[in-house]
Amino acid sequence: MAQKKQTYREAMQEVEDILSSIENDEPDVDELAEKVKKVSQLLKFCKDKLYKTREEVEQVLKDMDE
Amino acid sequence: MAQKKQTYREAMQEVEDILSSIENDEPDVDELAEKVKKVSQLLKFCKDKLYKTREEVEQVLKDMDE
Amino acid sequence: MAQKKQTYREAMQEVEDILSSIENDEPDVDELAEKVKKVSQLLKFCKDKLYKTREEVEQVLKDMDE
Amino acid sequence: MAQKKQTYREAMQEVEDILSSIENDEPDVDELAEKVKKVSQLLKFCKDKLYKTREEVEQVLKDMDE
Amino acid sequence: MAQKKQTYREAMQEVEDILSSIENDEPDVDELAEKVKKVSQLLKFCKDKLYKTREEVEQVLKDMDE
Amino acid sequence: MAQKKQTYREAMQEVEDILSSIENDEPDVDELAEKVKKVSQLLKFCKDKLYKTREEVEQVLKDMDE
Amino acid sequence: MEGQLTLSELNLLIKDSLETAFPEQLWVVAEIAEMKINRTGHCYLELVEKNSETDAILARARATIWMWQFRFIQPYFETTTGQPLTNGLKVLVAVTVEFHEVYGLSLNIKDIDPAYTLGDLARKRNEVIARLTEEGIIDMNREIPLPDIPSRIAIISSPTAAGYEDFMNQLENNASGYSFYTKLFQATMQGADAPRSIIMALDEVFEMADRFDVLVIIRGGGSQIDLGCFDDYELAMHVAQFPLPVLTGIGHEKDETVTDIVAHTKLKTPTAVAQYLIQKFDEAAEIIEHAKEIFINRVTNILHNENQLINASIRLLRPLVKNSIENASLKLRHKTKEVKPVIEDTLELENFRQIKLSDKVAAACQTAFQQQRNRIESLSVSSNHNTKLLYLKEEKIIFDKLHRLKYLSERILEKKQSQVNLFEKTTNLVNPENILKRGFSITLKNGKAVKNSRSVKHGDRLEHILYNGKIDTVVEKKKQK
């Protein structure tokens, strides 16, 4: 639920934060797995969003031309 | 509802403003689609209004000629 | 009601003013149809008045000849 | 009422003035019918007056010859 | 009464004046009939002077003698 | 049962503790065997977890590339 | 007495002396005091010379013009001077001095120079005129305006004169039927008495001058040359100052008399006076008729002109009005035509603006993508689609993050792995099993590991754990260190 409301920007920020924490805090393996999953999810979300945006914009521009 | 009350002039102004923001500000994936959609709607609204106006005006002019 | 009291001269002046505003001001699609309608009404009013005047005048001239 | 007191000369002057105004001024549709009516009345008045004068004069001249 | 005292010369002068006024002034239809009457009377008076002197004088002398 | 809930960190801590006790307490052979057995089990658990985590990370990257 | 002469001898002696003294004829100036013509036609005159100031007689002589000469002299004189040879005239005569024993001295007039008389008369007349002029009255009567219709006429004339009759006939029988009122004032119209008589008549008229328009002095039927009386100063003075205009019809052909000169109007004959008066009436009638005609013309003209003016106005009105309406109509049509292009232009402009704006949207998107592309150019992502650059960039970011994630994860995992490995190694080292492999064994006594040899006694039963098995033993010997 929370991810739906999350923005691309926030998601990317979170990815950055997580990566930072991985880099600096040396998480243990338990957390690492969790964090990797989280990053994976976030990046997937961004990718989807980016793709969707592209689709949308292109559709809109295409519609506009008509 | 808001668009119904919005004037053509205001709509065109908003398009200008949005374009300006797209052009000058850092583009934001989250907002880009929204903005483009908005522009599209506004331009559609203006196009419709212009078309309608043209129809009306042409009818009036036709009536005048008679 | 206002138009009954309006003179031909005023009506023509108003037409002139409206055309001038259409020509010189930023075109305003929102008001354009209204303006054109107004111009049409005014011109119709003038046409009617002119026709009526012509009728009246011709009657007077005809009466004079008798 | 005013016309009863008006002299032939004044009436003709008025006719002249009105004709002049019709000829020289910007055509005034609003006043044209009124002006033509006025001229018609004035000319009728003058014609009657002239006719009456002619009758009178002819009587006097006839009396003079006798 | 006034005419009885008026001399031929005065009467002719008046005729002359009226003729002059008719000729030189703006023609005045309003006064024309009156002027015609007046001139007619004056000319009659003058003409009478040519043909009725003896009777007049003799009447006067007779009146004086009585 | 306890091991299932046990985290990698706890497991590693326990390994560390046991190894420490082996070093310091000079356990007898029985104990030592017991302890070694325990450590072995724990390390296996960690090793598995590591492997699994690595698998997971790789899977994530692999998924993203697709 | 000696030397006595008879009268005849004396007279003869005088006669001889005179003949000797005046052998030639002489030109003598004298005034005719009296003049008589007898039946045979001889003319007997008395000549005098008067003091010009006092009128006193300075000299007197009898004179004769014999009939045969008089027959030539008289007509010549009268024709030349326009004057009868009569009393009061000054003459220049050619005379011979004659003396008759019985009749005494007499001048025989052989010739008369009319030029002298003419000059003298003229001089006298001029004197009268000069006097009247000097007195300022010569033009007085002329200055009185003649009435336009002189209908009341005072007449000074002799009632028996033919001229008076002519005058009255003329007036009363005028063709136009004009009405005149006349009154006769009688006077002697010729001879020496005439001036006095006429002056008396003038005084009479003067008394009732306001009843008359004009005074007529007429004389007719008398001698055409007996007009000296009208040069009389007194008469002329009265006429000049008379309050009514004086018309003269004295009846002479040549020079006018002084009375004529001072009169308002001089006419030759009574008939001419009557005609003059009638003419005045004719003129008046004509003026009246003319005035009437002019008047009728003008009035008719005015009426005609006014009628024309009204008609012209009516004719003018129609085209003016039509023109005015035409103009308004034209203007209205123009205005109507003007509307369409203005509106269409406006719409066109707006449409164009919209299209431009749409283009701008696409361009702005492109620009946005372009910016992204520039920012991640280093990634050397080759794509001609600018529009994809944003996504590529973000994808790259995502990709980078993923790899960072991988790298970091792996690093961490490696570390952990090595830790695990270390622990494993350590564990292996302490693992009794591994010690057993190297030949060590664990000795148990009563199931417990024997850590010290002192705890074993002779004969104890011991269990030995070896690699891959156990052996049981009994202690036989014990050696102590």
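Residue numbering begins at 1 within each chain, and the chains themselves are lettered A, B, C, D, E, F and G in the order written.
Heads up, the rule we're going with is that contacts are C-beta pairs under 8 Å (C-beta built on N, C-alpha and C of every residue); 3 or more make two chains touch, one makes a residue touch a chain.
From a predicted model like this one, the values you see are computed outputs, not experimental measurements.
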item: Mutual neighbours - chains that touch subunit B and subunit G alike; value: A, C
item: More contacts between chains, A-B or C-G; value: C-G
item: Interface numbering overlap (same over half, different under half) for subunit D and subunit E; value: different
item: From subunit D, the most remote chain by mean C-alpha position; value: F
item: Mean-CA-position distance for subunit G and subunit D (Å); value: 27
item: Subunit C and subunit F, separation of their C-alpha mean positions in angstrom; value: 98
item: Separation of subunit E from subunit F, taking each centre as the mean of its C-alpha atoms, in whole Å; value: 161
item: Between subunit A and subunit C, centroid-to-centroid distance (C-alpha), Å; value: 66
item: Subunit E, residues touching no fewer than two other chains; value: 29, 32, 36, 43
item: Multi-chain contact residues (two or more partners), subunit G; value: 292, 299, 303, 306, 314, 317, 321, 325, 328, 331, 336, 339, 343, 347, 350, 358, 361, 365, 390, 394, 398, 402, 405, 409, 413, 416
item: All pairs of touching chains, each written as two labels joined by a dash; value: A-B, A-F, A-G, B-C, B-G, C-D, C-G, D-E, D-G, E-G, F-G
item: Of subunit G, residues touching subunit A in the complex; value: 358, 361-362, 365, 387-388, 390-391, 394-395, 397-398, 401-402, 404-405, 408-409, 412-413, 415-416
item: Of subunit A, residues touching subunit F in the complex; value: 28-30, 32-33, 36-37, 39-40, 43-44, 47
item: Contact set on subunit D toward subunit E in their complex; value: 7-9, 46, 49-50, 52-53, 56-57, 60-61, 63-64
item: Subunit C to subunit G touching residues, read off their complex; value: 8, 12, 15-16, 19, 22-23, 27, 29, 32, 36, 39-40, 43, 46-47, 50, 53-54, 57, 61, 64-65
item: Subunit G - residues contacting subunit D, complex; value: 292, 296, 299, 303, 306-307, 309-310, 313-314, 316-317, 320-321, 323-325, 327-328, 331
